[in-house]
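The first chain written gets the first letter, and so on, giving A, B, C and D; residue counts start at 1 in each chain.
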């Protein structure tokens, strides 16, 4: 292990290490971040939800976008799997369907970064996802 | 843990010497030294205290003064399975006292003693921090939580 | 020195910075009671654990009461030593201490001399609340050849612990256990006899209660005096005459040599002799040994052991036997005056008087408790019969005199008997630190230089400082002398010698602070070091008044050598007046 | 490097480890490996979450799911359901006892809602055995800030302005303490951390050391910088093996990074820390006793002054603070004095950690702003009294504190208010008692503790507490007299007034406060009654024949065979043989055994 020889060293080290803890830091204060919930029930997984979730995380890192990516159970839109709910801070959540890695890139580039609405939104009478899954 | 015979063997004396030397034979480190020695021998019999006194060039009366002050140090060998009952407040209000009484009765020994067969020794201690599990009994390394008086027999039978 | 003004019991006091409230109150005549606190200023000994809480006072602005013994005065401080709050607290605390103390005062060795008893009287304690259901802390009693421990009476003042460790560095006693069962005892609660105890008795000298007392030999003495078949011979040590008067209300420092001789005769001793005679004899032997060693050293003998250490003090002998087994050949082999007296009495005197050895009882009056142990050592017995049968302390003698209805203060002065009663000023100063070596110098100088001394007062060797040194010019040869009193100081000096720090030719060591005048068998000083100072001065006064002040000029000593011993260090002298030492570092076990 | 998308935080505190959390971690890792998920899901052993009542705890990040009472065998289900399928394992969720519904997000738990975590900020969040996680959370940044931006005097000023007071007992202002130690000139000085947490029922220091050891090291280095010391000593109870182990790891890591040693962060500051063990003596929590213990002596206190700031360890200027106090220091430096002093009451700033225990639903460790009321702590955070019993008293401050009652519930908790109510902050133990607890017995319990732990140096504590304990013993045995109550008052006030050390002076508090708040209960004992029905001398166990079904459950547990009766017939208790242990009553399913 290298010695931390100055405050600069310490700051650099912190920046490197921060990433590992980001996930915990963000979820400790989720309302300030973009939250993505990927439906990962059997149907979702069968339809490729795992790739979708991994792409969300990869792309977010590439683009330096702060996301909280969580997985959730079946949202009930089995026809549209893989699905994911995206909630921008202070806005109502939106559910996107028929996802694939390319679509994920688009969501991040357009909706998350610029707030542009894109195709594939599933209209919902939205209450809360969590409650259904308890 | 070395088995301790009546008098100290040269090996035992070497062990004590080494421990004292690792603290530069500095009597200021007496408590840490006694911890290490007790770890090694299981307890602090007279011969061991005398050996430590010689190494540190302090009076054995002083060492005994320290050993008899701190409850962590013991001059009696512990049982094969040392039993500790937590008498911290949290455990007390959740009924640890009757448990200790029951153990005393069942084992027919008092706190600080060891059963004649050397199997169990009984001690009380203050708060291991498992207050959520109160009352707590510890046998060896194992922690038993939410113990009731009638559980004692069952717990002891695990070790017989 | 910076001055501070404060108010105590509505009176303004000005004191030096660093003064405690207790001392400040004393300045205006307010004697705050204390129990654990002890300050022997002249000897630099202090015990101030702040544990008994008897001396508490109220200090304005402070939320709880303050221990006056260890609270320093501050500017503008307002102190009350006798408010109802203080009085109630003090009384309650004393009741608590008494609630864990036996109430057998009537038969306690310390009765009438007990600081706890005095406090109970002063504070008017009449009952102990809750006595019926109060548990007492009890311990196994212990009797050794010199000291009795009855720890049920211990109040944890820690004075003995301070003496045994800080002052004497003996390390026999330490506080053990904790809480209600805390007490001061040897390791593993062993008996003193199985500890490194030297029986110096300094613990007994400072104990405020009856927890530590001497083994009492007065009953044995009375039986011997009552036995018509026995010839009872008594010897009295030099320091006794400078302190015995205190027991009869006389000023500390009053010399009572003549009254003491009279009292002893009244008590029924057949012969009243003086240990001082044997002290002169010691100088002859020890001085010769010193000169022999120095002579060899000056001739270039590399094997000669220098410095020579004095060996009159039995506690000191115990100390080096236990702690310095590698140096057993360093001290002089001369026996102590008590033992020299015993062997001369039972060999020379008994023969002269036509008394069989076993029909002679030799009793010593000593300021010392270690002497009780010394006279029981096997090497000082012949066929089980000891040279000195038993030793009683100054305090025990006082009790005997009182018990025999003797009005001590109005006794006429009497002389000692001869031949073992004559002594010189050199012998008298054995009682104070530095005295033995000064006496030795007086004789050695004249023997070595073959010249007469112009002045016999070597003031450079006197004083109460713990470690002293001086160089004496022996007509061109410089003799370096070291002096230590108190075993802690002795240890420092010895460690220095081991480390090669000093080049002394001779060293005097006394176990007790101040020398024998501060011995463990002397009247209790109750923490007042002025008393020790007064005894110290008395010793040198007696020396100055003596017509002969050099041991080798004592005519009875000269006669003893002519008639019996031959010369100093002769074979007979060697047999009767010298001894050898044992390694006791390993035999202290149960 | 693995890119984890889920973190499973598993409590590795002493309490949860006692319930096999170590095995749980192993199982989780095994299942993850079997499913090839070990690069996606990270299992992190953290310090204490505080919610010890329901341990072991597993917290799933990022969705903040809080699983309670998780057993090693639950590992499979958590991974298969939650980690793979995103479905929460509902049977492991915490159920709110009042609303009777499961709470999945820990943010919505009553236990956490009122808490502000400063001293515990990293406990249950980071892996205490990994310095990188501490650094990632701004660890050692406060040290860097102090070294580069502030002089030692300025740093002390920040602490002074923050209003931080010692969390171990009487609440002495920390900044002032540091200032004193800094003013005594000596080239050898010491920074001491008092981790000899001895209050029975208080375990915040242990939790901090187990959960966030680096914060203590950092604060001690900062203190060393402020007072001009090169050496730090941590005096820790030998009964805390896990905390010791984690401290050792932390010290080694800090040394490897050069954060302990010569020229820290390139500055002229050099500082190192060593560990000294306690050996089971409560009195060593007192700073002079602690110092003597570190010097290899009996842990007996000495008269102050001189204070350790002037003459402490080896006679050198020494600063002693406890763990929780140090834990607050780095945050104060980073976030500023104003931020800290905006929390709390006028004279007591910041937060305080309390260990909730006793007859309360949520036993655990909590941190709340000073000024929170006892009611909020006990009923909102603590979830109220167990088994629907009535609240009777809460004991704060351990053996030095007192018992507070219903009427104190709405007092904002701070140093002054607790003292004014006859108790004290102490280290922050809070033991809740219900209607079944006899206050005379509670006072006796504390006195027994004090008697056992008294060092024996001063007479009032050595003998006085013993005498008080004997009186209480007489009272609980039915031998009480009214004079005894007067004696308790007198002894209590005199011991308070005359004992040598802080612990002795506060030792009568449990008696004095119960005498004040539950005087009637003392009188009742003199009259031959124990209102709580706890003192065996006054009670009888009787079987209500009508309710007894003759199930024989009680006969089987009775240790003396005092209960007899035919099967399916009402049983009876032989009062002469009965030792009043009460086992039968606890065992009876039909409430047929009553205390008279």
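A few points about this structure:
One rule holds in what follows: a contact is a pair of C-beta atoms (placed from the backbone, for glycine too) under 8 Å apart; a residue touches a chain by one contact, two chains touch by 3 or more.
On a predicted model such as this, the values are computed, not experimentally measured, just so you know.
Any chain that touches subunit B and also touches subunit D is listed here: C. In terms of the distance between Cα centroids, subunit C is separated most widely from A. Subunit A and subunit B have Cα centroids lying 54 Å from one another. If you average the Cα atoms of subunit A and of subunit C, the two centres end up 89 Å apart.
Centres computed as Cα averages put subunit C at a distance of 54 Å from subunit D. Subunit D has its Cα centroid 39 Å from the Cα centroid of subunit A. Residue positions of subunit B with contacts to 2 or more other chains are 65, 69. Chain contacts: subunit C has residues 175, 177-178 touching two or more partner chains.
Touching of two or more other chains is recorded for residues 281, 298, 455 of subunit D. You'll find the chains touch as A-D, B-C, B-D, C-D. Residue ranges of subunit D in contact with subunit C, taken from their complex: 281, 298, 300, 302-303, 305, 451-460, 462-464, 466-467, 470-471, 473-474, 479, 483-484, 487, 490-491, 494, 496-500, 505. Within the complex, the subunit C residues that touch subunit D are 48-54, 56, 64-65, 67, 70-72, 85, 88-89, 92-93, 96-97, 99-100, 129-130, 133-135, 155-156, 175, 177-182.
If you check the complex, the residues on subunit B that touch subunit C are 46, 49, 58-65, 68-69. Against subunit B, the residues of subunit D that register as touching in their complex are 13-15, 18-19, 52-55, 198-203, 206-207, 238-240, 276-282, 293-299, 314, 355, 357-359, 363-364, 395, 398, 429, 431, 433, 437, 442, 445, 449, 455, 557, 559, 581-583, 586-587.
Chain contact summary for the complex, subunit A toward subunit D: residues 1-7, 9-11, 13-14, 17-18, 20-21, 23-28, 30, 38-42, 44-45, 53-54, 57-58, 61, 68-73, 130, 133-134.
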